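Since the structure comes first, as structure tokens, the remarks are kept for the end.
Chains: A, B, C and D, in written order; residue numbering restarts at 1 for each.
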Amino acid sequence: LIREYEDEERQSLPAFGIPDDQFLSVKKTMTREEVRVVTLAKLRLRHDMCLWDIGAGSGSISIEADYLLPQGRVFAIERNDESLGFLRENLRRFNARNVTLVTGSAPDCLDALPDPDRVFIGGSGGHLWEILEQVDQRLAIGGLIVLNAVTLDTLTATNDYFDNAGYQVEVVALNIARTRPDTNYKMFEAYNPVYIITGMKQ
Amino acid sequence: LIREYEDEERQSLPAFGIPDDQFLSVKKTMTREEVRVVTLAKLRLRHDMCLWDIGAGSGSISIEADYLLPQGRVFAIERNDESLGFLRENLRRFNARNVTLVTGSAPDCLDALPDPDRVFIGGSGGHLWEILEQVDQRLAIGGLIVLNAVTLDTLTATNDYFDNAGYQVEVVALNIARTRPDTNYKMFEAYNPVYIITGMKQ
Amino acid sequence: LIREYEDEERQSLPAFGIPDDQFLSVKKTMTREEVRVVTLAKLRLRHDMCLWDIGAGSGSISIEADYLLPQGRVFAIERNDESLGFLRENLRRFNARNVTLVTGSAPDCLDALPDPDRVFIGGSGGHLWEILEQVDQRLAIGGLIVLNAVTLDTLTATNDYFDNAGYQVEVVALNIARTRPDTNYKMFEAYNPVYIITGMKQ
Amino acid sequence: LIREYEDEERQSLPAFGIPDDQFLSVKKTMTREEVRVVTLAKLRLRHDMCLWDIGAGSGSISIEADYLLPQGRVFAIERNDESLGFLRENLRRFNARNVTLVTGSAPDCLDALPDPDRVFIGGSGGHLWEILEQVDQRLAIGGLIVLNAVTLDTLTATNDYFDNAGYQVEVVALNIARTRPDTNYKMFEAYNPVYIITGMKQ
């Protein structure tokens, strides 16, 4: 079990809690740093687990998870071409060695992957229910699915799925505001609320 | 740079985002899991840094930081006898090998410690200003102080100190609510808001 | 159109925004003052309207609405005996002259009432869907139903009903914390979040 | 004590809780409807009181207060020319008959006004401390000052003033998000947090 830090660029960055502006991303679509780390905590990652990151976007979840999974595997699944460009560059830049990029749409592309211990759903491209059904077939009892919802529709649909499928569910509502470090006055600016839904298969 | 997982008890726990109920603590005084991980992110820990955890309480920040600092050092400073009992047991239980327990009151006990790269202030025992002054003398430029405030008084005093001392300041307000996994209905229960203040020495 | 203030007790109280501690109530079940006034605003009351207050509890919504409806009518519907005792006393104390107390369970007791312009649902006793269906049959186009949800279940069910029935829906999430005026330090204490759902019949 | 509704335009509007889009205003600077009504509640207005509305902006607080003060007086104080244009038009449109427009800067223009029972400070033009000192000299014991802060600086300064002057202080933090009624999905959009500070002169 060895973790090397041969990449100097990576060394100058925090081991955890990478600032948002260090990721290349489609403007304004990235999960905020504070939301990202609470999401990672809810995934309860253990060192040798397999994580599916569905709708990986800029890859910030995959990249931070990679650091927490020195003996694990991460599959970053993304279908959007613009996102894929940023995702590839971020994986290279952060030297995310255990992350495998999967180009394509969930749930179709999930068949080829090894069974997950943990699944994060950051985007579903309108196929949320099918993705949840497919994930459920592959997830062992005790496995976790974590999803970030910014709409009432996604929150409701996910909760309905988990209830029907007999999952144990926790919903965490995050209302976060922050002041900017670079202004003369400290005005609180709000992020839009995010609901982090965690379902544990029973 | 080697990280071993010989402790089986530790292996069954997440690498990051340890559930609150895994820590022994004085009832209801512990930093909540969601607040803890955002705090850790704000500390921008790098693998070989030195962290002072002032008012360590149950040690949850020290223990999670230890995992993120495989080559670093953590000093957990606590003066309360009841907390010290839980802290000692938690450090043992989580096999936090790079954490040194410092029994005593800040700022007095800080003299004997090596200079910090990062400082977390979880409690100040009424000596906030003196602690900040003492920390400032030991912190290098670019170093970070992170503090969790639950009162307007602490928020104001910390902000005043940082402004006077020329620090760059960010305040993150966390308003978090969650449903409990073990009930038939999902009622949102709020945590009290926490203000995470980060000061960077200029 | 005349509004008299012959009641001295009432005169010493605010015209609007009555402090929580002025109402007798079953402990801790009352809508908080800040939530109450946002709820009243969402009801868009006009001076001669008819309001149904279903699950009136302590009567705080009915009593404040009464002041805003000098030519209107308010029906305060409550079935719980303990609540009814407090409700009666509060109506008397605040001299709420246009409020009619309706003892019984919704939706059954709604038949006898005149059609509403506005309906507030503060409690449904497990009959939410039936109440919404019954209210819908009596409400004119443009009429409003406002509901306060503290559980994800109620939020979801109400939203589902409104979507199915073709209502225009707004959800306002209130996350409120406050310091107590009577302490030496100002600690922020959170209320549990409340979702104020407003449905307009199309 | 008579309140007439001869103005038809006014009649079609709610007695309380006027929607934001009914006020003409400088873009995006208006107090949001939910914040406005909690502010009005905190002012504890009684029917014959005198209210100073310092930095009246679009006049939304003055206009809603006018309805709650049928025998009272409201002084809407504003110095910004663009705001004054909207303010005048809003007062006319809502038939706010007991509102007197005061053109000028606080604290200078306050000398000419009758003593207030209640003071709302919506803007201070950089003269917050002087305004608070001047208001304090005119306010009777038991009188209330309410202020909406969106920056940590204003929150801190106001709290410091009230503490020094021996006022009893309550701070309410409002974190509000809402879905828009006119979209196919219901995405929660956050307002920036507002701190409503109420000081009671002892």
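Here is the rule we use: a residue touches a chain if its C-beta (ideal position, glycine included) is under 8 Å from a C-beta of that chain, and two chains touch if they have at least 3 such contacts.
Computed from a prediction, not measured in an experiment: that's the story for all the values here.
**Q** Subunit A and subunit B share one sequence, so how far apart are they rotationally when you fit their Cα atoms? Give it in degrees, rounded to a multiple of 5.
**A** Superposing the C-alpha atoms of subunit A on subunit B needs a rotation of 180 degrees.
**Q** Could you tell me which pair, A-D or A-C, is linked by more C-beta pairs in contact?
**A** Here the pair linked by more C-beta pairs in contact is A-D.
**Q** Taking each chain's centre as the mean position of its Cα atoms, how many Å separate subunit A from subunit B?
**A** 24
**Q** In whole angstrom, how far does the Cα centroid of subunit A sit from the Cα centroid of subunit C?
**A** Computed from C-alpha means, the inter-chain centre distance equals 40 Å.
**Q** On a C-alpha centroid basis, what's the spacing between subunit A and subunit D, in Å?
**A** Inter-chain centre distance comes to 43 Å.
**Q** Using the touch rule from the top of the page, what residues of subunit B touch 2 or more other chains?
**A** 152, 159, 171, 173, 175, 177, 179, 186, 188, 193
**Q** Hey, which residues of subunit D end up touching subunit C in the complex?
**A** Touch list, subunit D to subunit C: 1-5, 11-17, 19, 33-34, 37-38, 40-47, 68-70, 159, 168-182, 186, 188, 200.
**Q** Using the touch rule from the top, collect the residues of subunit D that touch subunit B in their complex.
**A** Per the touch definition, subunit D meets subunit B at residues 152, 155-156, 159-160, 171, 173, 175, 193.
**Q** List the residues on subunit D that touch subunit A in their complex, please.
**A** 150-153, 175, 177, 179, 185-193
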